[in-house]
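Given below, in the form of structure tokens, are the structures.
In the two complexes that follow, chain A is the common piece, with chain B as its partner first and chain C second.
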Partner chain A sequence: MAERPEDLNLPNAVITRIIKEALPDGVNISKEARSAISRAASVFVLYATSCANNFAMKGKRKTLNASDVLSAMEEMEFQRFVAPLKEALEAYRREQRGKKEASEQKKKDKDRKTDSEEQDKSREEDNDEEEERLEEEEPNEEEEVDN
Partner chain B sequence: MAAAAAGSGTPREEEGSSGEAAAPQPQAPTSAPGARLSRLPLARVKALVKADPDVTLAGQEAIFILARAAELFVETIAKDAYCCAQQGKRKTLQRRDLDNAIEAVDEFAFLEGTLD
Partner chain C sequence: MADMVVGRDKCGEQRLVSLPLSRIRVIMKSSPGVSSINQEALVLTAKATELFVQYLATYSYRHGSGKEKKALTYHDLSNTAEESETFQFLADILPKKILASKYLKMLKEKKEEEEEEEERNNDEESDEAES
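Moving on to the complex of A and B:
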């Protein structure tokens, strides 16, 4: 049997954890039921993707965005998901902004350092590089070296 | 990590950083272990999204929301299936409970015929 998209499963451990936390203590779940829920979740994602894609195409966009997915939820009659998803989205955006700012700050600091160092070194490097090339005996002899 | 209680073998101390966890961590500290934004790995969700031949691209936010929605879906269907098991006075969720839930709940209609 050829591989179907439904075969793309989500990790069992995570699925099990979500199920257990949703259910009261002491409740168990059979392997078959758990695996069926896992497949259902995959089908859900595929269906939601397809719905969301329709909204994207309506908006003449080629990239699915968050609002497409939210619209898909309403279309699929999962309106009750919309509010918690919006909250999660806000939290996610905040986290991404924080990460971005942190990495941008690091980059700025790095650039500042290298910039000042480079200005001093660049003049020296021009002279040194030529000497190094001759010494290293690079196979690429097409490079012009000014003697 | 500073070795508080000597468990196994010789306690090691990390050199460089002082005693407590003063090492700079790139990740923002999360308040509670379950407070992560999404538990499902985004890469797997992305793979599912890409499986759709009509989809060209999907933004990061879209993938994230899909992952979160899938989690909510799992919670929802598990709870609905549990209601059926409760009626049978069982404490273990069986496959048939799931089937019953799918038949009973309109929103799960899209699952019919897909789980076999």
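Moving on to the complex of A and C:
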């Protein structure tokens, strides 16, 4: 490990919320316990990543993919996570498809509006910009879709 | 890079993942030998971490002594790390705690044992030497 686990922390507020939602109402969680779980979560990420990386290397790939992570869960004996993870993956893929379609539709609408008036060059630039945004900034993309 | 994966509270949509992807990514990248991580792998790791937090918390609560007091304590967690095979990998970062006085006592007892052992060995050697 390049960094000590303590330096790679996850936000306390989010961790606390996840714990509270998992435990019965009215259960008190000591500060020490919260901090310990947070550290454990960071270690879990490292362990999972290392494990997933082994699977990627076995497949002679340099990029970790979804199946590597799923294989890692089984290897680490967190078999119980596999089904919910697969569901999450499906939901994520659906959303990505939906966003892509919505974005393409917007492009079509925009093209129709600026048909004869604008130069071809500026239209190409707009498209390039939008494609870049598709890849990098999901929240911004969503703003466009909502509007 | 998107921090939260899809869905916004404004629209009433449920977030797929609550943990910030950028942070998860930083941790993942610190693992030696990792070159690149595809977006799906990142999302799944974040989601898995959430499931893990839930599992660790509920398991420790159920098996811990804090249950009667309706509390989850560090002690419950270190118990889990020690006793459950699944959570063994956490043993080093969730060590059991003992009072300093107890630890010093243990060290003293260990030292006395070792000294006795040495004496016994010396006796045996001198016995052998005679015969």
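Following the convention adopted for this analysis, the second predicted complex is superposed on the first by the 109 of 147 C-alpha atoms of A that agree within 3 Å, B and C clash if a C-alpha of one lies under 4 Å from a C-alpha of the other, contacts with A are read in each partner's own complex, and residues count from 1 in each chain.
Methods note: a residue touches a chain if its C-beta (ideal position, glycine included) is under 8 Å from a C-beta of that chain, and two chains touch if they have at least 3 such contacts.
In this text, all values refer to a predicted model and were calculated from it rather than measured experimentally.
**Student:** For the overlay on chain A, clash or fit between chain B and chain C?
**Tutor:** clash
**Student:** So in the superposed three-chain picture, is A:Ala102 touching just chain B, just chain C, both, or none of them (first/second/both/neither)?
**Tutor:** First partner only.
**Student:** By the touch definition at the top of the document, which applies to A:Ala52: first (chain B), second (chain C), both, or neither?
**Tutor:** In the superposition, A:Ala52 contacts both chain B and chain C.
**Student:** Return first, second, both or neither, reflecting whether A:Arg17 touches chain B, chain C, both chains, or no partner chain.
**Tutor:** A:Arg17 contacts both chain B and chain C.
**Student:** Determine where on chain A the residues touched by chain B overlap those touched by chain C, and list them.
**Tutor:** Common interface on chain A, chain B vs chain C: 5, 8-11, 14-15, 17-19, 21-24, 26-30, 32-33, 36-37, 39-50, 52-53, 62-66, 68-70, 73, 76-78, 81, 84-85, 88-89, 91-93, 95-96, 99.
**Student:** Spell out the residues on chain A that touch chain C in their complex, using ranges where they run on.
**Tutor:** Residue positions touching the partner: 1-3, 5, 8-11, 14-15, 17-19, 21-24, 26-30, 32-33, 36-37, 39-50, 52-53, 57, 62-66, 68-70, 73, 76-78, 80-81, 84-85, 88-89, 91-93, 95-96, 99, 136-139, 142, 146.
**Student:** For the complex, which residues does chain B have touching chain A?
**Tutor:** Residue list for chain B touching chain A: 26, 28, 34, 37-41, 44-45, 47-49, 51-52, 54-62, 64-66, 68-79, 81-82, 85, 91-95, 97-98, 102, 106-108, 110-111, 114-115.
**Student:** Within the complex, which stretch of chain A touches chain B?
**Tutor:** Residues 5-6, 8-11, 14-15, 17-19, 21-24, 26-30, 32-33, 36-37, 39-50, 52-53, 62-66, 68-70, 73, 76-78, 81, 84-85, 88-89, 91-93, 95-96, 98-99, 102 of chain A touch chain B in their complex.
**Student:** Under the touch definition given earlier, write down the residues of chain C that touch chain A in their complex.
**Tutor:** Contacts found on chain C: 1-8, 10-11, 16-20, 23-24, 26-28, 30-38, 40-41, 43-45, 47-58, 61, 69-74, 76-78, 85-86, 89-90, 93-94.
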